[in-house]
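As written, the chain order gives the labels A, B, C and D, with residue 1 at the start of each chain.
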Amino acid sequence: MKKIKVGIVGLGRLGRQHAENLAFRIPNAELLAICSVVKEEVEQVQKEWGIKYGYINYDEMLENKELDAIFISSPSGYHCEQIIKALEAGFHVFSEKPLGLYLDEAKKAAEVVNKYKDKQVFMLGFMRRYDASYAYAKKKMEEGAIGDPVLIRCYGLDPSSAMKGFLKFAKNSYSGGLFLDMAIHDLDLARWYMGSEAEKVWAIGGAYQYPEFKELNDAETGSAMVKFKNGTMGIFVAGRNCAHGYHVETEIICTKGTLRVATVPEKNMVTVFDETGARRECSQGFLERFEQAYLAETQEFINCIVENRQPSVTVEDGVLSTALGYACKESFETGELVTVK
Amino acid sequence: MKKIKVGIVGLGRLGRQHAENLAFRIPNAELLAICSVVKEEVEQVQKEWGIKYGYINYDEMLENKELDAIFISSPSGYHCEQIIKALEAGFHVFSEKPLGLYLDEAKKAAEVVNKYKDKQVFMLGFMRRYDASYAYAKKKMEEGAIGDPVLIRCYGLDPSSAMKGFLKFAKNSYSGGLFLDMAIHDLDLARWYMGSEAEKVWAIGGAYQYPEFKELNDAETGSAMVKFKNGTMGIFVAGRNCAHGYHVETEIICTKGTLRVATVPEKNMVTVFDETGARRECSQGFLERFEQAYLAETQEFINCIVENRQPSVTVEDGVLSTALGYACKESFETGELVTVK
Amino acid sequence: MKKIKVGIVGLGRLGRQHAENLAFRIPNAELLAICSVVKEEVEQVQKEWGIKYGYINYDEMLENKELDAIFISSPSGYHCEQIIKALEAGFHVFSEKPLGLYLDEAKKAAEVVNKYKDKQVFMLGFMRRYDASYAYAKKKMEEGAIGDPVLIRCYGLDPSSAMKGFLKFAKNSYSGGLFLDMAIHDLDLARWYMGSEAEKVWAIGGAYQYPEFKELNDAETGSAMVKFKNGTMGIFVAGRNCAHGYHVETEIICTKGTLRVATVPEKNMVTVFDETGARRECSQGFLERFEQAYLAETQEFINCIVENRQPSVTVEDGVLSTALGYACKESFETGELVTVK
Amino acid sequence: MKKIKVGIVGLGRLGRQHAENLAFRIPNAELLAICSVVKEEVEQVQKEWGIKYGYINYDEMLENKELDAIFISSPSGYHCEQIIKALEAGFHVFSEKPLGLYLDEAKKAAEVVNKYKDKQVFMLGFMRRYDASYAYAKKKMEEGAIGDPVLIRCYGLDPSSAMKGFLKFAKNSYSGGLFLDMAIHDLDLARWYMGSEAEKVWAIGGAYQYPEFKELNDAETGSAMVKFKNGTMGIFVAGRNCAHGYHVETEIICTKGTLRVATVPEKNMVTVFDETGARRECSQGFLERFEQAYLAETQEFINCIVENRQPSVTVEDGVLSTALGYACKESFETGELVTVK
């Protein structure tokens, strides 16, 4: 079996998971190189997993011509530049979302991706499309049994338990704010399921328990309502203060039926009955909820390279979802109805 | 509209509820008389609700010829005698379960009921058959969509919160024990849904948290497995120590589908999401769970009188369910497989 | 027991239910008079239930000084006038929602209600507040365990099975459209739970399966997003084409927990397992879902008269909810963000 | 990283899954050899996955001294002999359940396993203990929050859709019957969770839709009730005709709470709302339900070898579960209460 040789940049929490998947769980992939600015991290992972090459400099990794593909899971601020460099160096590229911190970056990345798209695979990490339940919902819709889409409702809520860490991080770093950082996956899903682009949006929100969000000019919890060009509707709730856990729920109301994905973010298949009632405990984070989706998207990336085709999620999905995220942000900041460009 | 004039005996917790239903919620009934050995209780209810006659002596109430029907919700030890007296005095009779504390009593009551059955309505308080969900399950089965019955599983579990009160009561009073007192409703349901009588039973159980049950020669929680004459199976779990509440659940496995009634004993339609997970709070007692069923069975009793017909639940249901209860008790006590007579 | 003597106007589907409740299920009420323009209906109900007075003329009923209270469940277009006349004639008044078809009517009714409020009880039929599950949710919030409100999401969806009847009716009659006719209960609930009034609203919607809605200048399914004055958020989805039934769901996201009322509109407590999966069948209409709430609100109305107090739901609730409904309607029709007056 | 070199025997449906896991998803394992009596199968898998050695003769594979471990997923009738041969040849051994078709075989295998247990790892494929939800339930119990065990209820039901295939297979092959073939996993789980061995059992069952089971002297659906030596209770329902799918459910009732694992055998996280109600679709087979558990148990086997320790599931678990299965079978066949030896 031909194995695609991959070099990964970024070994944070999600990066480490991607690296592990590439090293051990993708039959037709081989993790040949790892790159991180933290030298000790590189050395430790190399040693533990037997990875051939280790880099603390991204440009040096790109000079390694044994590699077929570059996998980017560095901080968001580096994505745009690293995507472009890797493509220009002739590699297939997977990048975690977003394409860049600003819409301009996303567009610039898209331009380069399109330039190389005949020969090089590019994939953006909208992993939810590869989650078994989300894929199943899409299939149900395509089979036609539930009719045409009318409305999508998406919740993307981070657990309260992550609040402290988030506030510390947010004060020192620009992530785009709630709608770009949290809601972006939902905006992409909505475009995918509704089969249309956003026309207008109104977004609201506030600081309900943590006044720090006011200082950050961001929302602790926020909502956006979107009118799509085909007349369908989108409702998005994003937040960082969900008491019960990591609540990512999607509902698609159609003319002949409705689908709900993870209406309770069930941790596992155990129901606990005790003096509080009958309860399902909940997922506490994205790695717990989407472990298999991360694996599946990476498998798809490698398969695309092997089979010489592009994945169904495109760079335009990244640009358009980012544009919608920025429209939400603008609406939230101005209080006005915003037309999506 | 002709109103059936009713006299009730017993004004305990359930008796009071029955009296209130008869007085205010059954259009074609009138609560004309109440009877209780507690004089103050009688006077208070008479005054509060404007009830015409009050008695502290049951025999005196039976002399009141304005009455059409007698409603018995006195302690179980009085049922048999009061049923017989009321029938012999010419009244229609409703009696709370059981027909009597012992199988002999049940049979004696049945004999008298059958003697008067052409002219006088008799109904036994197996109210679950009149619960909207149980009735719906029966209808589903009769419609044939789920095939023929294979196995019934019944849970009848009292809440831990009632333990203290129960132990106090049990030390001074014979109720027949777990299988006769708690499981009797389930044994009746099983006969109703399976459409067959029990052939053999094995029952086990023990004292798991409260050693008092050993002294009482009873089980804190017990199980019985029944083979019915038509080859179907019954599984019964009864108990008095259910942490989450009053758990009455029934499952009917059929050849083409399965029904579960109250698989979570939901208190209402609220789901609470908090740091414990997503939970449904649970019912805490029989009056909470079966409030509407008590009303519906009483309405059916009155309608039977008006329409001159007998209810579908018969005195034989009482006798046969009691016989099965005693077989469970015998099996639990001897440890042996018991053939139901 | 003193019984409040009531006259009801309107004997349609819901009116009949109210009449039955007043006649038979409210201990301290007596249905003394019924009024409908359909003479046969009046005669039939009088005879069947033994009602003393029957009228085909509302004004005549108001001349009956035996009556204590008037219960209005006539078509919406008559509410305002009938409320005012009954109050001026000295009666306590219950009126089904809405106060009137137009905001002006609602305000006019409110003026008169306020004029008589020291001596006469007035209650508006926002029955959901009296539903056991909605009341339980309110209690949970007031107990403080789930923190402060952040967002409310309300779904009010009529079953597809009622579509044909609705379209026939809608072509010949003005009901205010989707947001006033369907969403009004939700708008009231939102004000109640959020403890604040609406500031701004954007509403969208369309005709997704039935082009007739375009001709009616109404929405088959519509959404509104509301910003409340205290910074909390409201999301409302109303519709007339829900495949699975009558879906009335309410979610209240708070800073320390979330409540969902009827997240599945469960018909009863039966779960059916068959080749389609494990399913809960759904309620098919408002009388099925809110049967007990209609009873409880009527009981509260009668109790208010007896105890000489006003119900917690006030005429202002009617005016303000109507104003918000009209703001939704305006936004839907203009496509613009609307400031609620 | 040191990789354990494994040879697998048996490339049927489950064998293929195990092989794939060993080849691609267990970082510290290498699938070095495969063995099957079907030559084409061996060649095809070797070629497709790049497996070094292929055998059609088991004894030949045992001569390959590059191998560290043998993985047995051949038909049940071969297990006992293959386990013994592999251990005697010096290999670590994983065997799919059962240890053998007869209790004697199980005991013989156990004897040999115990002889080599100081140096060679032996693991039996009771994969459910490695399923995330079952493991979570065990952890909950060990943490003590739900008190001491009282009763375990286990359902193991194969989907109706597999009936045709089963009947064809069963006529030509002895699998031990319903209680040994289907219930064995549940019997093991019960011993694990209850922390005790079975004392007495009564088992019943029959042919409810397919008379073929009568001819096979087996049950289409059967139940067993077990009294454990520590006084706890076990209820087991096994069957081959479950309309909604592969229903493996386990409930553990304890003195302070209850756990249910997979009370609905949810296929994924999608809820479908349509004219049938709100439903969760169900798993259709063991590979779908336990995909991750198969992976986790194999990982544990390899880790045991690397870390020089024995897995927590022992060969005695296999012997005792088989003994209990045979007691169920005897009870079902004789109709009598059976004391487990």
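FYI, a contact is a pair of C-beta atoms (placed from the backbone, for glycine too) under 8 Å apart; a residue touches a chain by one contact, two chains touch by 3 or more.
Model, not experiment: these values are computed from the prediction.
Of all chains, the one whose mean C-alpha position sits at the greatest distance from that of chain C is D.
Each chain gets a centre from the mean of its Cα atoms; for chain C and chain D, those two points are 56 Å apart. Separating the CA-averaged centres of chain A and chain D is a span of 37 Å.
Per-chain CA centroids place chain A at a distance of 43 Å from chain C. Among the residues of chain D, those in touch with two or more other chains are 146, 243-244, 256-258, 263, 266-267, 271-275. If the chains shown are joined wherever they touch, the resulting network links each chain directly to all the rest. By the touch criterion stated above, chain D contacts chain C in their complex at residues 160, 243-245, 247, 264-267, 271-282.
Per the touch definition, chain C reaches chain B in the complex via residues 1, 23-27, 48-50, 132-133, 136-137, 140, 145-146, 256-263, 266-275.
Residues 146-148, 150-151, 153, 200, 202, 204-206, 208-209, 221-223, 225, 227, 231-233, 235, 237, 239, 241-244, 253, 255-258, 263, 335-337 of chain A are the ones touching chain C in the complex.
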